[in-house]
Amino acid sequence: MEIGKTIGAVVMLFILLGFVTMAVLFERKVIGWMQSRVGPNRVGPWGILQTVADVLKMLFKEDTVPHKADHTLFKAAPILAFMPAFAVVAVIPFTPSLVFSDIAVGLLYYMAVSSITTIAVMVGGWSSNNKYALLGGMRSAAQMISYEIPLVMSVVGVIMAAGSLNLKEIVAAQADMWFIVPQFLGFLVFLVASVSELNRTPFDLPEAESELVAGYHVEYSGFRFAFFMLAEYVYVFAMSALTTVLFLGGWNPVFGLTFIPPIVWFVIKFVIVVFFLFWLRATFPRVRMDQLMQLGWKVLLPLALLNIFLSALLREVPFIGRFY
Amino acid sequence: MEKALAHIDWSAMTPELILVTAAALLIVLELLLPDETSRDWLGWLALLAVVGAGTYVAVHFGAATVDLLQGSYRTDPVAQSFKLVLLGGTALILLLSLSGGNREGIRARGEYYFLLLAAVLGASVMTSSADLVTLFVGLELLSISSYILAGIRKQRTDANEAAWKYVVLGGVSSAFILYGMSFVYGLTGSTNLFVVQQRIVEAYQTGYAPFVLLSLFLMMLGFGFKIAAAPFHMWAPDVYQGSPTSVTAFLAVVSKTAAFALVTRVVLVVYLQLIQLRVWEEIITPLLLVIAGASMIVGNAVALRQTNVKRLMAYSGIAQAGYVLVPLASLGMTLFESTLFYLLAYLLMTVGVFAVIMVVERDAEHGEFSAFAGLYRRSPLVALTMTLLVLSLAGIPVTAGFFGKFYLLINAIATQHFWIAAVMVVTTVVSYFYYFEFIRQMYFRPAPKGNPLAIPIGTAIVIGIGVIGTVGLGLFPNAVLHALGQLKWVEVLSVPQAPPGP
Amino acid sequence: MLMPVTSYLALSAILFCIGLYGVLTKRNAVMVLFSIELMLNAVNVNLVAFSKYGLYANLTGHIFSLFTITVAAAEAAVGIAILIALYRNKATTEADKINSMKG
Amino acid sequence: MWNGLPTWVTFSPILGMLVLLFIPRQRNRWLKWVGMAGTLPPLILAITMFVLFDPQSRGVQFAQHVSWIHIPIPQSPGWKLSYAMGADGLSLPLVLMTTIIAALAAVGSMYIKERVKSYFLLFLLLETAMLGVFLARDLFLFFLFFEVTLVATYFLVGIWGYMERERAANQFLLYNGLGSALMLLAFGGLLLVFGTLNLDQLLVRTSQLFADPEWMQGPLRQVIWGIFLCILIAFGIKLPAFPFHTWMLRVHVEAPPAVVMIHSGVLLKMGAYGLIRFGVDLFPPLVQQMATFLAVLGLVNILYGAALAFVQRDLKRVLAYSSVSHMGIILFGIAALNFSGLQGAVFQAVSHGFISALMFLIIAVLYERTGTTMIDEMSGLAKAMPVLSGVLLAGGLALLGLPGMSGFVSEFLAFLGMFKQYPVIAGIGALGLILAAAYTLRAVMAATFGPFLDRWERLTDTKAVETVPMLVLLGLIIAIGVYPQMLGEPMQTTLQMIVTRIGG
Amino acid sequence: MGYSANYVMLAVFFLLGLGLPLVAFTAGSLLRPRKPTPAKGISYESGADPVGDSWIQFNVRYYLFALLFVVFDVETIFLYPWATVYHELRSGVGLFTLVEMLVFVLLLLVGLCYAWKKKVLEWK
């Protein structure tokens, strides 16, 4: 059992790597399509090997570390960024049986572990001893902590309704009604906050090329850089999965179409979320730093608190109450 | 949990509820008010709340002990009497700040009053707690509010420094207290003081004696910081000096009193049963006495070298903390009565002294001793009141300070701890020297200016209450003695009903 | 104490001592704050360990540690706020420069 | 109907204080007159008391007892502190002396030039406190009055003294503070052991305790000894007994003369009073064990004071050291532990009070005119100021114990008592008397006779307002010397009782 | 699946997360060229030579947000357990739970408004 699971974990790792490879390509293709251009199309049929080629290129790149950098931390930062990104996947229930670690405090675990990445970003920015990197790192940290609050608070409504922090039980609680409906406000806040947490457009300020060259990873090259990117895309995976679990009913079928296996339902919903994220990137311009912070504190946080209020109050209303 | 929270008799908590409501109201009003509106009436509101809470306590003084919230909250004699002192002190300090505080460079008036309320709320919770968790939460509410209060003049470097030192050393002391509490919990599996009381003896006898003692030492280390007893007193002088005078008065009076409530309750209740194993006799009493003696010696000796009045008061306060520890340490027969009497006296005289210091400091624009030079020529009445207050601090009849100290001393003699009694009286004599420095300055030195001091009416009232109280308590302490004497102090040490579960 | 708890106690004692050492020796004020946090967290280790392996194991320790965490956060927040004020006035976070009062 | 008398005596100076409060502080003349007048009510009342006092009665007279503070103690009736006043043969002469000296010192205060109002307010406060000390029958009350004298004297020395007044005031405060701290310890102990601080109850209870021959083996032995030693040191400092005398020298030199009159005349006697009242009377068996020590201490005081007085060049210092010497005689009287010894001690207290008051009054007048108190600089005063010089000479004679003056009676009685108990020590002590004659005459002669200095040309002799008090004092000194029974009669019964308690 | 097994899995995930980069870096170091020149070690500053150290004091505003974060983040440690058992409490204790919760969230909101009013939320 244990060994089987461990092998499963290794398989999961490779699935993730595969997902990232495809996701990068998919993203470029989707954006290209939306912006009426072609996207990668040279390497392999339909450009399918483009990402593989990129990774290979990075593998063969010379590894440079700036003389003035703090070497230990500089080298540790990418690892620190990737490790939690992968570790959070452990608690995601893909189907009733396919969950690697079914712990009681799954959601809390996710929130806690995912915030470690903030530290990695700061460490990377700081240890480079480069002004752009430092500024990027600081900004990124400020942004991530600002959005973590609404993110964390937006799911309180879900927890109240499900009465559990276990992700499997949360999914199970959505058998009748996905939480996206009663918790729509929470969902909106969660979505916006999660996009920001992912440092993705329109909230990709830490790596704003026009202002900060490349943000906290200016000095990174080769595989070290690759791991920062990898972490980002693994988070896209994890966050999309979490969104699916928390608000979209996880593996629960729609319209009673139970003959379709749960995993398929999960993947369908998951892909929609991922697509949505790419879509955002193609559509929105980047916001300014001050707008970003104001949105987080002055809009999302009050909304998240309001959502908690509403969740508690609406429960007292007849008929609707049972969904809360 | 079955005993629904809603069905609890909340009326016992009225003082705290008044305070918390007022505090919440205050901060909301502060939010809603335009910036340019005067915040003074918020202060009056705070005063009203404190007086209201105090009146409630006073009216129910001597009422039977009530246990609430599964025994974590109780209104026993310690709670009642300490609360009265705390609320009285806060009321005086609020009055003081209302009449003169806005000239002390405190810009955030609304927050100032709010923080005072929050602090006294914490203190009040502390006195009423019979559970380590609530005790700790109360303590921290008081401490954290005090940290901010100490640094509320944020545009001044000395205030920043004072607050910084306070927060760092306060944090360390909290950590020590908590560390000690964690062992208490580990040994007894409960945070309820009375459950702990019963189980700790068993733990002591079954081979965990070192841990029991460790918990005591760690907590005493932390408490030492909170009551500013030597050798954990380092923060006090800087904090007293850097804080606005009204806040210094608050720290000197309310914080210290609350900390004594904490020490008394925890040390006494938790470790009381160990008396049958001679632990008190052999370890706890000597430990506390050494702290007390060190405080007296260090406080009084270092005070001799001070030139800044508030620093001097800090060291004086350290010495006074030593005196007040004596009854607890010696487990004297009038432990509670004498401690409370002295704290009450200390409240009156200290608030009075700080009120005078505030006026003088503002007039001279500095806080050195020379600010008092020739005060007698300028304002004889102020000088006279200050003299009485200082004499009381020095423990000279016919003041409350004298009688209080005599009362404390008797505990030491009665329990045959002669050496601490000797230290007490000898250091008291040493203290004459620096307390009389006020008198030397006021009467023996020429005045740099001729004009009389301007004293706002509120400050005058506070000084008046301080002096009248000090002399009155010194001459006719009977009323207070009887009020304290009629309380059933035994209830403090044991639960009246069956002890609650873990 | 029961065997399993000893190692936790040792861990927390070590953490506590490191924190204390940091408070006493670190020159940077932020580090001092961190050290205090470390001390408080050492307590949490203790509490949680006792809550499972104490003489009377129960959940109270967990609840206590929740309060500890909150209080630690509040304390850190106040500490940082004071530090910001100090920095604005003095442009330093070196702890040994925060020392203008003597006596 | 006379039961309130001690209270009236004690608090009558407050009348003067009240009047003073309503006089503007610039009106120096008025203030001085009112201040002086303020000392009259206590004087009159004290004389009344003296007259009404029944010398035969064994109890406390004019006793008054009002319960005051009640300290509740769990499982016991608690402690009661009371406002108890009353006079007996021991306090009566001292009260009378206090009022007389205070009145005369008020006259001597006319040289005070600045802050007259505060001066007299404090002066009268001091008088109240002193009277309270002698009349209190409750130890707690006694202590309160005792401490008030301390504070008032501190101010009087610190504000109106000479150059080094602050140091003198501080030293005074520290020594006496220490003394009263020990006293407080002792009283606290008494309260705990005997459950009361009322003097009459204490007398009964200590007798009961000491009547039990087993008490020395009892657990109380150490405590009682501790209490006794504290009392001994506390009043030893006040007296002052060697080696606690340095503060007193400084106060003598630095304080304004009128204050020194009070200080040397009355305040030091509180030490003697305390020793007899709380040392001898409460702890007879303990005093007996300490008697030899006290006698030796007295001897040291006598010889040390006399020897040092001999080499002083400042008249004030001569008198200060002579006070040390004379206090040794009081110690002698106490150590003798017999009737004549105790009588001598009380006589000495009163007599020395008058004599030193006289001497310092003279010094006040002298200093006012010459601006100096150095013996060498005063040479030849007799020519310029015959009256003053005459009084000075008379005072000097009183000081050295010339028969026919009060000093002789007291010294005679004290030495008589001493010779009965410790002939050798008394013999050596007698040396001090010879020395006293030597240093007194040397100082007085050098100051008054000797070559006349030109700068004294324009000196005027004493005015009536100065002469009268001097003559009054001198008259009293001679009166006691000639007719000691005046003083001896009232105290006879009380002292007899004390001696009975001692078992002598 | 046992209680501890779940946590073992978490450890496995962490180890894998640590292992992959390590393996990748090791593989990279075998494959990639290594020709260091001094110029390669210079920090990047848009082509110009870098001036001074960049380990400077952070801007104070970052601390302000850190402070806010600490405060609000810690509130959630009370919100989560409370939210988890909310239903049980609600049926056990009654409306009091609701009121209590509203008060708690309201206090959070007041805190937020307070920071807002004091212009802490402005990014300058």
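Should a chain be cited, it is by its letter among A, B, C, D and E, assigned in written order, with residues numbered from 1 in that chain.
By definition in this document, a residue touches a chain if its C-beta (ideal position, glycine included) is under 8 Å from a C-beta of that chain, and two chains touch if they have at least 3 such contacts.
Here's who's who by UniProt: A = NADH-quinone oxidoreductase subunit H; B = NADH-quinone oxidoreductase subunit N; C = NADH-quinone oxidoreductase subunit K; D = NADH-quinone oxidoreductase subunit M; E = NADH-quinone oxidoreductase subunit A.
Note that the structure is a prediction, hence the values are computed from the model and not measured.
Asks: Considering only chains other than chain B, in their present positions, which groups are joined through touching?
Replies: Taking chain B away leaves these connected sets: A, C, E | D.
Asks: So which chains count as neighbours of both chain C and chain D?
Replies: B
Asks: Among all chains, whose Cα centre is located farthest from the one for chain B?
Replies: Result for the farthest chain: A.
Asks: If you average the CA coordinates per chain, which chain's centre is most distant from that of chain C?
Replies: The chain farthest from chain C, judged by C-alpha centres, is D.
Asks: Specify the chain with the shortest distance from its C-alpha centroid to the centroid of every protein C-alpha atom present.
Replies: Centre-most chain by C-alpha means: B.
Asks: Tell me which of B-C and B-D has more C-beta pairs in contact.
Replies: Between the two chain pairs, B-C has more contacting C-beta pairs.
Asks: Go ahead and note the Å separation of the Cα centroids belonging to chain A and chain C.
Replies: 32
Asks: Which integer distance in Å separates the CA centroid of chain B from that of chain D?
Replies: 43
Asks: Can you compute the centre-to-centre distance for chain A and chain E, using the mean CA position of each chain? Integer Å is fine.
Replies: For chain A versus chain E, the centre distance works out to 13 Å.
Asks: Round to the nearest whole Å and give the separation of the Cα centres of chain A and chain D.
Replies: The computed centroid separation for chain A versus chain D comes out at 94 Å.
Asks: Note the residues in chain E that touch 2 or more other chains, in rising order.
Replies: In chain E, the residues touching two or more other chains are 66, 73.
Asks: Pull out all the chain pairs that touch, please.
Replies: A-E, B-C, B-D, B-E, C-E
Asks: Of all residues in chain B, which touch chain E in the complex?
Replies: Per the stated touch rule, the residues are 1-2, 4-6, 24, 27-28, 31.
Asks: In the complex, go through chain B and note every residue touching chain C.
Replies: Residues 132-133, 136-137, 140, 144, 147-148, 151, 154-158, 160-165, 167-168, 170-172, 174-175, 178-179, 181-183, 185-191, 199, 203, 208, 211, 237-238, 241-242, 305-308, 311, 502.
Asks: Spell out the part of chain C that touches chain B in their complex, as residue ranges.
Replies: 1, 5, 16, 19-20, 23, 29, 32-33, 36, 39-40, 42-43, 46-47, 49-50, 54-58, 60-61, 63-64, 67-68, 71, 74-75, 78-79, 81-83, 85-86, 89-90, 98-101, 103
Asks: Over in the complex, which chain C residues touch chain E? Could you list them?
Replies: Those residues of chain C that touch chain E are 66, 69-70, 73-74, 76-77, 80-81, 83-84, 87-88, 93.
Asks: Considering the complex alone, what residue numbers of chain E touch chain A?
Replies: Interface residues on the chain E side: 1, 5-10, 12-14, 16-18, 20-22, 24-25, 27-29, 31-36, 38, 40-46, 50, 53-56, 58-59, 62, 65-66, 68-69, 72-73, 76, 79-80, 83-88, 90, 98, 101-102, 105, 108-109, 112, 115-116, 121-124.
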